[in-house]
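What follows is a pair of complexes built around chain A, which joins chain B in one and chain C in the other.
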Partner chain A sequence: MGENLLELRGLQTVFHTREGLVRAVDDVSLSVQPGEIIGIVGESGSGKSVSMMSMIKLISMPPGEIVKGEAIFEGQDILRYEQKSPELQRIRGGGISMIFQEPMTSLNPVMTIGQQIEESILLHLKYTKAQARARAIELLGMVGIPDPESRIDHYPNQFSGGMRQRVMIAMAISCNPKLLIADEATTALDVTTQEQILNLLRDIVRQTNMALIIITHNLSIIARYAQRIYVMYAGNIAEQGRSEELFYHPSHPYTMGLLRAIPRLDSDKSARLLSIPGAPLNPAQKTGCCPFAPRCPYAVDRCRQPVMPTPQIYSDTHRAACWFRREELHGGLALEKAHTHPVADKPLLEVRQLCKYFPVTKGITRRKVGDVKALDHVSFTIRQGETFGLVGESGCGKTTLAKTLLRLYDATSGEIIFKGQNIAPLKERHLRELRREVQFIFQDPYGSLDPRQTAGNVVGEAVRVHHLAKTRKEYERRIDELFTAVGLDPALKNRAPHEFSGGQRQRLCIASALASDPSFIICDEPISALDVSIQSQILNLLIDLQAERNLTYLFIAHDLSVVRHVSDRIMVMYLGTVMEIAPWQDLYEHPLHPYTKALLSAIPVPDPVVEANRPSAPIIGEVPSLINRPSGCVFHNRCPYATERCKKEFPPLQEVNEDHIVACFEWEKLI
Partner chain B sequence: MLQKARKFCTVLFSRKIVLVSALVILFFAICAIASPLMAPCDPYEQDLSRRLEGVSSEHWLGTDQLGRDLYSRIVYGSRVAFMVGILAVIAAAVMGCAIGLVSGYFGGWVDQVLMRLMEAQMSIPPLILALALVAVFGRSIPMLIFVLGVSAIPNFARMMRGQVLSVREMDYVAASRIRGNSNTATMVRHILPNCISPIIVIMTQSIGGSILAEASMSFLGAGIVPPTASWGAMVNDGYSYIYDAPLFALAPGVAIILLVLAFNIFGDGLRDALDPRLRGAL
Partner chain C sequence: MGRFILKRLWQTLIILLLVSVVAFMLIQFIPGDPVYVMLGENISKEYHDTVYESMGLNQPLTTQYFNWLGNMLRGDMGYSYHFRKNVNQLIASRLPVTLTLGIISAVVSVVLGVFFGAVTAVKRGTATDTTLTVLANIGLATPSFWIAVLLVYIFSVKLGWLPAVGFTLPWVNFQKSIRQMILPVICMSMGGVASYTRQMRSSMLEVIHQDYVRTARSKGLPENKVIWRYAVKNSLIPILTMASTTLRGCIGGSAIIETMFNIVGMGQIMVIAINYCDYQLLQSSLFFMAGITCLCNLIVDIAYAYADPRIRLE
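The block that comes next holds the complex of A and B.
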């Protein structure tokens, strides 16, 4: 092992809040060598960002306070420096640089990107204006921005999300930092863009021998990139190790749980996901014992004593903060068969040539100048009892489709045939039956519950609206049943939604969707706003409820591995059009559309060896905006198989195999 | 719930000036509710032999041009101030919120028509509008409340509309429609309660404005009918004697300033306490 570039020793950061002392970072030690990529994985509140932020004193103090610890960066303890000292300012940006999650808000909209990049160059390096500009152009070229000489004078709003993140990277590496911290840098991006950005970061590390710390909640994405990984839980490092060690021999029950809770592209679909019970520990409630003990299936009395476990050491690099060696941890978690659900041949919902255009208006007269085609001739059928998956990147029309099916939007044209009746032209007052039969689960459990209503009221509202309970007593009983069905304690029904955790809130949303006894539920990214260890709980719940209540799901997600786990058939959409519809096996094993193929190859698998051997063929470019939709096949400008015909004609949906529908002229090339 | 209220009060009164203004409001409120107990004399009893007297143990703030006890008249004047101030604001808030709610929720031509109407009303200076309405319908307390209420409607309508526009896009509003709630039920159950806190703030602040408007109207002789005690009318009576008996005009003037200022500061305090972004900082 060479000289460490950065070494944290026993870092402890606390926040003094009205609720008491929150130990956000508790005795964290880690090291980074030059040119190394390390990953810090953890759920929200695990202290992964705070530990990095407190290292360069970017937390607000007070309420924050760095109680103890050292951060040795290039031989000096940088925690000694005052928050606003010139030494620390030189290190921030000059020595250690950061990229944040939101590329949309971390650039100043009134300055050109050139000015913003030059600003930090001029601040840290002794360059003249002209040199700084030349450097900025060079950097923009390096991060893959085409035509940097002219793009440098553009404003942030003229760049797409992925391009902005590239600009952020250019800015972060402008002063040749020794260490770059990417804090959830790809979380807000589309899958295909995410892969491009991570590849770019890896290439930069290789070229410049800079060290990179990737902070993320997603174990899968770092399998391909990180050499060493730290897993954090409630402010402590639960496990650390080289990436192979961690993925093949997880030794902390939390890591084991996480790895088993993620649906993978290659996992066994018939088995139930193993989930970690409970919710992540709030660091305010730490008692000094192993923080994972309340959720750990192996916990014994010793784990609940207020002493932190001494780490088990498996190799120079691999250690886990657990009282037990991994050989001693067995039993407790057995694979269960997943519930199966019968699928009838009868269609429940048939969508024919559905279009939804939003008018684009201009000027004060609101003259219509064009259409945004959010849905363009979408057709598909959902059978009774099945789970129909819908995947696509941002702007593909997933949510517009859901809202049009629910008649929250009026369709521009086309038919929506639900149980034999075309509901597209119905007036609002004739939708009562539809409102009972079709329900919706939102992505964001924080925005979808009325903060002024109690949990019981939210859940019971549909019961009242549809007069499903005759007496007060029956109504109360029904609410209790619904709470129990989604795994919540009925005693909580008088609480306000903000008193529940994210996972519990999503359970409330599910309960309120079930309240009217619907037959069809549209789930719009129901787990993407939740912590990783909660996601599998909610997925399992949805699968169980489907079997118990004979539900049909339209399951919308951007994560193909999640969709694969729950769906019988899957539809892939891109820019408002259907690309491919196929049973899940066919879709994952023999994708017939170039876009599906590209999406599949962009999904990371939490397995370093599989990742290393997988042919990586990232697709070029980014999802275009709906306003400049390409002519002909909407995918032709990113498609490696595109021909002249694709630029002019729109390929119709054709059934090429039994149940396998694809919209591509060149599908035979993919067999 | 109790704990929450206590926490709210801690934040609200963490600034001393807010506490002081709350006490001022409380004092005048007690004056208004329990005027006979708070006033040492009958405010209508004239004694022409003791006109325009200065401060004495019998008349704490002296007497007016008809020999009536000034302090007692100020105490009784708070009744008018509170009644007109609060009722006018309530009337304005109810009508304004209804207009704003409908306008914001339905949008489209309904919104266009209602908002153009509000703008038309706003283009007329409120005092002139109120004077014109009084000239047509005559002077009385209910008339005054109605007139001042109407002139404050656009404030509430516009505020409410803005709130509704943002709340309308929340997922829980869509959720309410998906559950089968009618438009009315969605508006009343889910949108209104989530828009109400800024309305409460501007209500508090508007009470001050309303009291001031009532005083101005009475000062101009278009408000309260004498002999009912009204601060505005008292200032008007007093200002001709400003050199002989300065307290006669000044005392009711100070009462107006104190109460209006107190309502404005208390309103600001409420706004800060209800704003989640400021709550953490305090």
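The block that comes next holds the complex of A and C.
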């Protein structure tokens, strides 16, 4: 073990808020060596970002206050420096750089990217303007911006999200910092772009001996890239250790819970996900005991005493903040079998050659100059009782498809046959029955509930609209029943939606979708806005409800591991067209389309050894905008196997074997 | 950028054409004979006929309109019967007065408003913020004529420091001009300073929490550069929208302030044209003001596109 580049000791950051004192970071110690990649994992409110931002005083103070702690960076305690002191300003950007989550808003929109990178260089290095510009061009080339000489004078809005994140990286490494902190740097990006960005960061670390701290909520990413990991919960470090130690011998009940709760590309689908009950602790409600105790299946009286547990030490690097050694933590968590649901052969929904084009207009007269083909000749069938998964990256038409099926958009052409009737041409007044039968759950449980209605009203709306209860008493009984069905206490029905946590709100959304007793539910990214430990609760709930109520799901998500866990058959879409449809085992074990293969290889598995041995087939480039849709096969410009034919002709969907359909000319050669 | 300006110019032309039709039709809506309405009933028949013909009222409506439009485009704005002068001469003599006062007030409003707004946002929640915000609210709620009366009473009547009335162009007598301008400029810019302060404050508070400001701090920029280069520059974009109104105000002049300080400027022209039913003057000055308004909007739009590449690069 060499000299530490950074050593954080006993950092404590609090926020003085109206609800009281929030202990956002509570006695956090960690260390990083040069050239090392470490990961900090935690859910929202775990203090992972705040601890890093406190270190270079990027939090707003007040209300924030750093109560105590030391941050020894290159031998000096940087916490001593005032927030606006020149010493700290030299370290920010010069010694420690940060990349943030939102590439779309993290760059100044009124300055060119060149100006923004040069500004950093001129600030920290003794360069002339011309040298700074030359360096900026070199950096842009290094992070993979094509044609950097001309793109340096472009503004941020002329770049895609992934490209902007590359610009951020170029800026962050421009002054040769010793430490780079990537704060959820890839969370907002598509999976294939995420892989490219993280590979880029890893290569930079290898070349420059810079240290990298990856802050994320995604354990799988960490397994692929980090050497050591800190798991944070409610402001404390719950467990720390080398990657293998943590993934193979998790020793804190929270880490164990997290690892069991996330569906993996290689996990057993027949077992129910073991979810962590309850919701993450709000640091404002900390009492001084182990913060995980209220959700911990092993908690005993001692865990609820207001004393933090003394860490159990397993090796030089591995320790867990728990009263028990991991050998003592067992029992009570037997794997349950997942509910199975019967799938009929009869189709419930048949979509034929469905197109949805949005016109592009120009000029004052709004003359039509073209179409954005959000859905282009999409065909598929969903059988009664099955879960049909739909995956794809941004712009693939997932949400447009959901809205068109719900008839929130009118289809440009094509048929939507639901229970034997083509609903595409129906007038709104004939859609009443469809509106009862087909329900939906959207991604954002915060935006999709009316804040002015009580929870009971929101859930009961469909019951009222469709006159499903005859008396007041029956209505109330139905609401109570719906609340119980989604695991909420009916006593909460008079509360307003904002009084519920994220996971509870998504339960409310599910309850209101169930209210009209539908047969078909479209779930559009139902768990991606939720905390990791909550996601499995909602997935389990959806699976249980399906078995109980004989529901059919269209399950839309960008996360292939999640889709794999719930789906019977899966459709992969790209830029508004269908690439592949297959039963789940086939798709994951024998993917045929190059795009499916690329997607699968881009998804990390939370297992460092599996990760190290997985073949990586990264695809180049990013998802193009729908306006610049490539001709021929829409994927040809990113496909490593594309031929001349792919550039000109669109490959039709071919049935390879029963149920497995692929749109590729070359699939046979690729097996 | 060139295409953007061309597009906006084209839109401006269409608006001006519509305005010209409305301005021209006004005179057609006057009940009775416009000449009698304008000059009174007790003029001779011959005089009436001369004026009637000189105003071209005997010609068909479309001819009248195109004659008038042609004259306007050639720069001939007609004759004012009240002032007994060409409208051109009238505007030429009054515009410099109004412009001088207006531009100075506009600059004062924007500069002070942006400065105070930025200060209140940066010092949010402190005594400075509270004081300035309260003052801005008072400034916004107080009518300018009341302030004019108050200031004249204190500084001219009681203390005798500044003249109460009159106006001299700065290049005629600089010292006198400055002394005469102080009070009217304060009155004219007070509302502007107040509203710019409020607008800038809320705009800054929004920008200061943006991710790119955090990025600027994370790369070690000194705080003053973070504020001026990142926060203020981005906050100015919504401020520009307000600038259009201010710009128009400085050319249109403030009838109230001009009357209070007995300044012979543009603000009075419209009032007189309406009071004395001076239709040609009304028509022409209306069209002139509409033109100026369009021009100001055009300038602001271009400035907007210049300040925000997201608009320029659409």
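Everything below uses one rule, namely that the second predicted complex is superposed on the first by the 671 of 671 C-alpha atoms of A that agree within 3 Å, B and C clash if a C-alpha of one lies under 4 Å from a C-alpha of the other, contacts with A are read in each partner's own complex, and residues count from 1 in each chain.
Following the convention adopted for this analysis, contacts are C-beta pairs under 8 Å (C-beta built on N, C-alpha and C of every residue); 3 or more make two chains touch, one makes a residue touch a chain.
Everything quoted here is computed from the prediction, not taken from an experiment.
Engineer: Give one word, clash or fit, describing how chain B and chain C relate on chain A after superposing.
Structural biologist: Fit: chain B and chain C sit side by side once superposed on chain A.
Engineer: With both complexes overlaid on chain A, does A:Q158 touch chain B (first), chain C (second), both or neither?
Structural biologist: After superposition on chain A, A:Q158 lies in contact with chain C alone.
Engineer: Looking at the overlay, what does A:S516 touch: chain B (first), chain C (second), both, or neither?
Structural biologist: first
Engineer: Is A:E119 touching the first partner chain B, the second partner chain C, both, or neither of them?
Structural biologist: A:E119 sits against chain C, while chain B stays out of touch.
Engineer: Using the superposition on chain A described above, determine whether A:L107 touches chain B (first), chain C (second), both, or neither.
Structural biologist: second
Engineer: Between the centres of chain B and chain C, viewed from chain A's Cα centre, what angle do you get? Round it to the nearest 10 degrees, please.
Structural biologist: Approximately 30 degrees at the chain A centre.
Engineer: A:L449 in the overlay: touching chain B, chain C, both, or neither? Say first, second, both or neither.
Structural biologist: Touch partner of A:L449: chain B, not chain C.
Engineer: So, A:L58: does it touch chain B (first), chain C (second), both, or neither?
Structural biologist: The second partner, chain C, only.
Engineer: Regarding the shared-chain residue A:S97, is it in contact with chain B (first), chain C (second), both, or neither?
Structural biologist: Second partner only, chain C.
Engineer: Give, as a whole number of angstrom, the minimum Cα separation of chain B and chain C in the superposed three-chain arrangement.
Structural biologist: Between chain B and chain C, the minimum C-alpha distance equals 6 Å.
Engineer: Once the two structures are fitted together, what part of chain A is touched by chain B and by chain C alike?
Structural biologist: none
Engineer: Along chain C, where are the residues that touch chain A in the complex?
Structural biologist: Listed in rising order, the residues of chain C that touch chain A are 7, 11, 210-212, 214-223, 229-230, 233-234, 237, 307-310, 313.
Engineer: Which of the residues in chain B come into contact with chain A in the complex?
Structural biologist: So the residues of chain B touching chain A come out as 170-172, 174-181, 185, 189-190, 193-194.
Engineer: Please give the residue numbers of chain A that touch chain B in the complex, ascending.
Structural biologist: Going through chain A, the ones touching chain B are 403, 406, 408, 431-432, 435-436, 438-440, 442, 444, 447-453, 461-462, 465-466, 509, 512, 515-516.
Engineer: In the complex of these two chains, what residues of chain A are touching chain C?
Structural biologist: Touching chain C: residues 56, 58, 84, 86, 88-94, 97-98, 100, 102, 105-111, 119-120, 123-124, 155, 157-158, 168, 171-172, 364 of chain A.
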